[in-house]
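One chain, chain A, links the two complexes that follow: it is found with chain B in the first and with chain C in the second.
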Partner chain A sequence: MKKIISFPHIGNYHIPIEILLKLIFKDSVIMPAPKTTKRTLELGSRYSPDFVCVPFKYNLGNYIEALENGANVLIQAGGGCRYGYYAEIQELILRDLGYEFKFVKLIGHDLHPLNMFRVCKSIGTNISFFRFLYYLLLVIKMVGFIDRTEAYIRENIGFEVMENSFDKLHAEFFGKLRDISNFTSLAHVTKEYEKAFRKIKIDKPENCLKVGVVGELYTAMEPFSNYFLERELAKNKVQVSRFITVTFLFFQKPRDIKKILKSAGKYLKYTIGADGTDSVERSKTLAELGYDGIIHVKPFGCMPEVNAMPMLNNIGRDYKIPVLYFSFDSQTSETGVKTRLEAFYDMLEMRRKSREDITKFENRVSWS
Partner chain B sequence: MTIGLPRALLYYRYGVIWEAFFKIIGCKTITSPETNKQILNDGIRFSIDECCLPSKIYMGHVYYLIGKCDYILIPRIASCKKRNDVCVKLNAMYDIVKNTFGDISILDYNVDNHNGLNERRAFINMGRALGCSYAKALSAYKNAKKADKLLYEKKVENQNRLLENNDKLKILIVSHSYNCHDKFLGYPISDYIKKLNCVSVFADAADREKSVVMSRKISDSLYWIYNKESIGSIKVLEDKVNGIILLTAFPCGPDSLVNELIMRKVRDIPVINIILDELQGEAGIQTRIESFLDVIKDRARL
Partner chain C sequence: MKTGYLGVDTGSISTKGVIIDDENNIIANEYLWTEGNPVNAVKSVLRAIEKQSGDIAVASVGTTGSARKLIGAMLEADVVKNEITAHAVGTLVVFPDVRTILEIGGQDSKIILIDNGIVVDYAMNTLCAAGTGSFLSSQAKRLGIDVEDFGNIALTSNNPTKIAARCTVFAESDLVHKAQIGHKREDIIAGLCLAVVNNYLNNVGKGKAIKPPIVFQGGVSKNSGVVRAFEQVIGEEILVDKNSHLMGAYGAAILAKNNKKGRVFGFDVAKMEFVTKGYECKKCPNNCEIICFYKNNILIDSWGNRCMNGSVAEIMSVKSQ
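Up next, the complex of A and B:
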């Protein structure tokens, strides 16, 4: 039987993952789970444990829809807090539902290249370890570039002069990535699109409102799960910065964790689990950089992020920076999210104005 | 010098060691009382809404101790030996307390085996921070461990004796110690089981080491050590008990997955899942327990 390999969604990362798997498994079909929709979440919720965090439900929904479409090999990663234990329970649920498939788990410490290679062999590939490593490094580099590009898009899309110019180029860019199979072509595409993105006309005032998004990795990186919050902000001409990316999680964080803890200063003595530590450190840094507001996102009940909230409250108080908290679950109402974002935006704008008025006033006083 | 011990979370596991250790090195201790309505309400007031109930209760106990001692002990536990983590809530309690109550005097120790800090070293460091010598801290730790071990073995033995008794139905309560033994949370449940003339036995009084080994029969990828012990206890005791109650506090992260695992993998023995939350009505839980016991009685008759 032909192998049909599938995996759940998170942001746009299904694209590089698909590229990598296609390079490795030339004889198999690579099929990312169907696009996440309301139905995905409904399906996932129906078969999930009661108060498990919402990414579990999205993943499960993705798997069910992939299986419905004929997938017979499913891949799950994992690590951090509860995420590391998703795989076993999801496999159990899917089997109890009667599906037949091979379930491949890549959890935390199993992510060593040699081990990943072993896992790929077990799925079925005859490329050499050297080839495998080559492709892996290629795609890691690609992800790095995607992350950098998307950071630029986030910070500027709200200010594009011609509507849709970023989205259009973004789609074209992903199309180009799909043809890449070596470092030279990657370098070409990188160079070409680095330029192209910067060429897009933007009208961005020096002192635009700046908001940083911190929080749990899934809800931060998967726009469907945060009700396209970044997009909503951009619509209001806000520069959005976010730091949690795959590059950060896999390559910067493990290296910098001691530094991160230190930079969190008096707000943390120890790490507080998964991304919670980063949320605290990032919020402090954003406050120091003079950002106008912070948005903290998490699935309902996410322990590491709930752990971070007393510190975030204190940072908000000490630096006088507003923090907006979102907890997402399967019942979150989209209008609720929009209204709260709207109100937050209005508040930031008002604070800006009153601050400007105060400085104007002070200037006048010192002149007279 | 007086050290305050909040009677919540890890107190139920390490309380004996703490008390003995501080006594040997010449510190007094004061332990907060059993959880009551006031402590619960204070805990809720000082916690983020979405925290799990036991950690809210913990905050109430810490609040109770403020002003009644020189230091409050807030340990930080991150990881035990190889691939044994604890819930991230316990990674963070120190910083949560610090950020919530501001300038209170906290005594802490940090156990993080993945990063080379084992419990022994942590206790020695703590002892030295309190001004005693290395040798004294070490011997205090050793003796405290011994005292704990003796008590623990006795507990296991007592429970084994209970398990020999065949006149009454026996219910295994699978839960974190700080849930099932808390006066406010879980105690009313075992008390009620007793009133109905059944016996409750506890996961945390099954042989720990055996439990961890047996836990692999249910899951070999689980990495939370306390949950390993509790699912393992099911395997250790399943032939000796008539039913299992999973007692979980809302919204406990690890339990949300592990209970699902148990419900799907333990099929030969009746299991129910009781979720405790701060608004819990005793009556509702009692009805559920009653009907659960009825089911078990019916089964026993067959």
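Up next, the complex of A and C:
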């Protein structure tokens, strides 16, 4: 039987993952789960424990939709918090539903290249370890570039002169990535699109409003799960920055974990689990960088992020920077999210204006 | 002929309309129940304030409240603003030194913290209706009294009953239980007021520094029992303006005044026919519920779409085919 390999969604990462799997499994079909929609969440919620956090439900929905389309090998990766245990339960639920499939779990230390190679062999490929490593490094580099590009898009899309110019190039860019199979072609595409994105006309004032998004990785990285919060914000001409990316989680964070804790200063003495430490450290850094506001996102019931909230409160008070908290679940009201975002933006603008008025007044006083 | 500015606040329970003049004085106002039909409620409000205002030209319109978008499209509003901003703006005109705004409406409650005339923090109830006006009105119904008399009855109690009011549904069972074991009615009513306040402070006001001057508004601020309960729990004086129930609409009117686009608003909107039609867009599994808004049978706006497939332009092109 032909292998049809599938995996759940998070942001745009299905594209590099698909590219990697296609390079490794030349004889199998690689089929990312169908795009996340309301149906995905409904399916996921129906078969998930009620109080489990919402990324579990999205993943499960993705799996069910993939299985419906004929997938027979599913991949789950992750770890850090309860997420590391989700694969076990998701497999049980799917088997209880009567599906037949191979479930590949890459949790925590399983993500070591040697182990990953072993797992790939067991799924069915005859490439050498050297080739495998080559493709892995290629895609890691590609992800790094995607992350850099998307960070640039987030910070500038609100200021584009022509509507949709970023989105159009973004789609074209992903199309180009799909043909890449070696470092030379990646270098070419990188060079081309680094320029192309910076060529897009933007009308960005130097002192535009700046908002940082911190919080749990899934709700931060999957726009469907946070009701396209970054996009809504950007529409109001706001520079949106987010530090959580795959590059950060897999490469920066393990390396800098001590540095991050130290940089959190008086707000943290110990790590508080998963991404909580990063949320605190990054909020403090954003405040020090003069950002106008912080948005903290988490799935309802996310312990590490709940741990981070008191410190975020303190940071908000000490640096006088507003923090908006969102808890997402399958029952979240979209109107509620929009109303709060709107009010947040209004508040930031009012604060900014009054600060400018004060400076103007001070300037006048010092002149006279 | 004087110039006026119209603000309309369409909430879940009540609809408020206000016309102000250039000096921010309220010339006309109306407050009535939405009764699940915001368009009709706004029409009635418009008829009422047109009569009150007499000879006046409305230069701009602002809408707020949960139906702000719908009513904004209906009135072709110059500003459509969320409730939090509208309340803050309105209150700051009446009480320039305010530090804390407590607002309890029909189905939501919010707290707005202000420093030097600038909103610095806010919160809104997220999960349930405990600690809002609809909680009080449903309990009043159960006790067989008008919600308008609630406050005065509560004030006669010296020994409020403790009611478990974490959840509206369970509060009701606890209330029945307390009544059955012989607690006096006024004590139960005072206990309910206290429960609303505690719920509000534990839920919405959690972790927020409540500093005086404190202004209390929204429909529930008309309930003197709740005002007293707030004063007891917070230990500070609570200011309630005589127009506290209109503050959202007042804020919207002020925002309209600051954003006028030089267009004259006609009250004949109240005579036009507005229809909303909902349908499910089947173009992808998102199945967005799209609302189309018609004025005199012409599609003027639509919303609810997540992508371009359900945009107004797309719907119009399909309809015209």
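The rule is short, and it goes like this: the second predicted complex is superposed on the first by the 368 of 368 C-alpha atoms of A that agree within 3 Å, B and C clash if a C-alpha of one lies under 4 Å from a C-alpha of the other, contacts with A are read in each partner's own complex, and residues count from 1 in each chain.
As a convention for this text, contacts are C-beta pairs under 8 Å (C-beta built on N, C-alpha and C of every residue); 3 or more make two chains touch, one makes a residue touch a chain.
Please read these numbers as outputs of a predicted model, since none were measured by experiment.
Partners chain B and chain C, once the complexes are superposed on chain A, both fit on it without clashing. Of the two partner chains, chain B is the only one touched by A:89; chain C is not. Working from the superposition on chain A, the chain A vertex angle toward chain B and chain C, CA centres, sits at 80° in steps of 10.
Once chain A of one complex is fitted onto chain A of the other, the partner contacts of A:327 extend to both chain B and chain C. After overlaying the two complexes on the shared chain, residue contacts for A:289 are found with neither chain B nor chain C. In the superposition on chain A, contact is made by A:342 with chain C only, not with chain B.
After overlaying the two complexes on the shared chain, residue contacts for A:137 are found with neither chain B nor chain C. In the superposed model, A:271 lies in contact with chain B only, and not with chain C. Of the two partner chains, chain C is the only one that A:354 touches; chain B does not reach it.
When the two complexes are overlaid on their common chain A, residue A:196 makes contact with neither chain B nor chain C. When the shared chain is aligned, chain C comes close enough to touch A:37, but chain B does not. In the superposed three-chain model, the partner touching more residues of chain A is B, compared with the other of chain B and chain C.
Of all Cα pairs linking chain B with chain C in the superposition, the shortest spans 6 Å.
Overlap of the chain B and chain C contact sets on chain A: residues 313, 327. In the complex of the two chains, the chain C residues touching chain A come out as 66, 81-85, 116-122, 124, 126, 207, 284-288, 306. Per the touch definition, chain A reaches chain C in the complex via residues 34-35, 37-40, 228, 313, 316, 320, 322, 327, 335-336, 339-340, 342-343, 346-347, 350-351, 354.
Taken together, the chain A residues at the contact with chain B in this complex read 49-53, 56, 81-82, 84-89, 92-93, 96, 105, 107, 267-274, 276, 300-304, 306-307, 309-311, 313-314, 327. Chain contact summary for the complex, chain B toward chain A: residues 48, 50-52, 76, 78, 87-89, 91-92, 94-96, 98-100, 108, 110, 219, 221-224, 250-251, 253-254, 256-257, 259-261, 264-265, 275.
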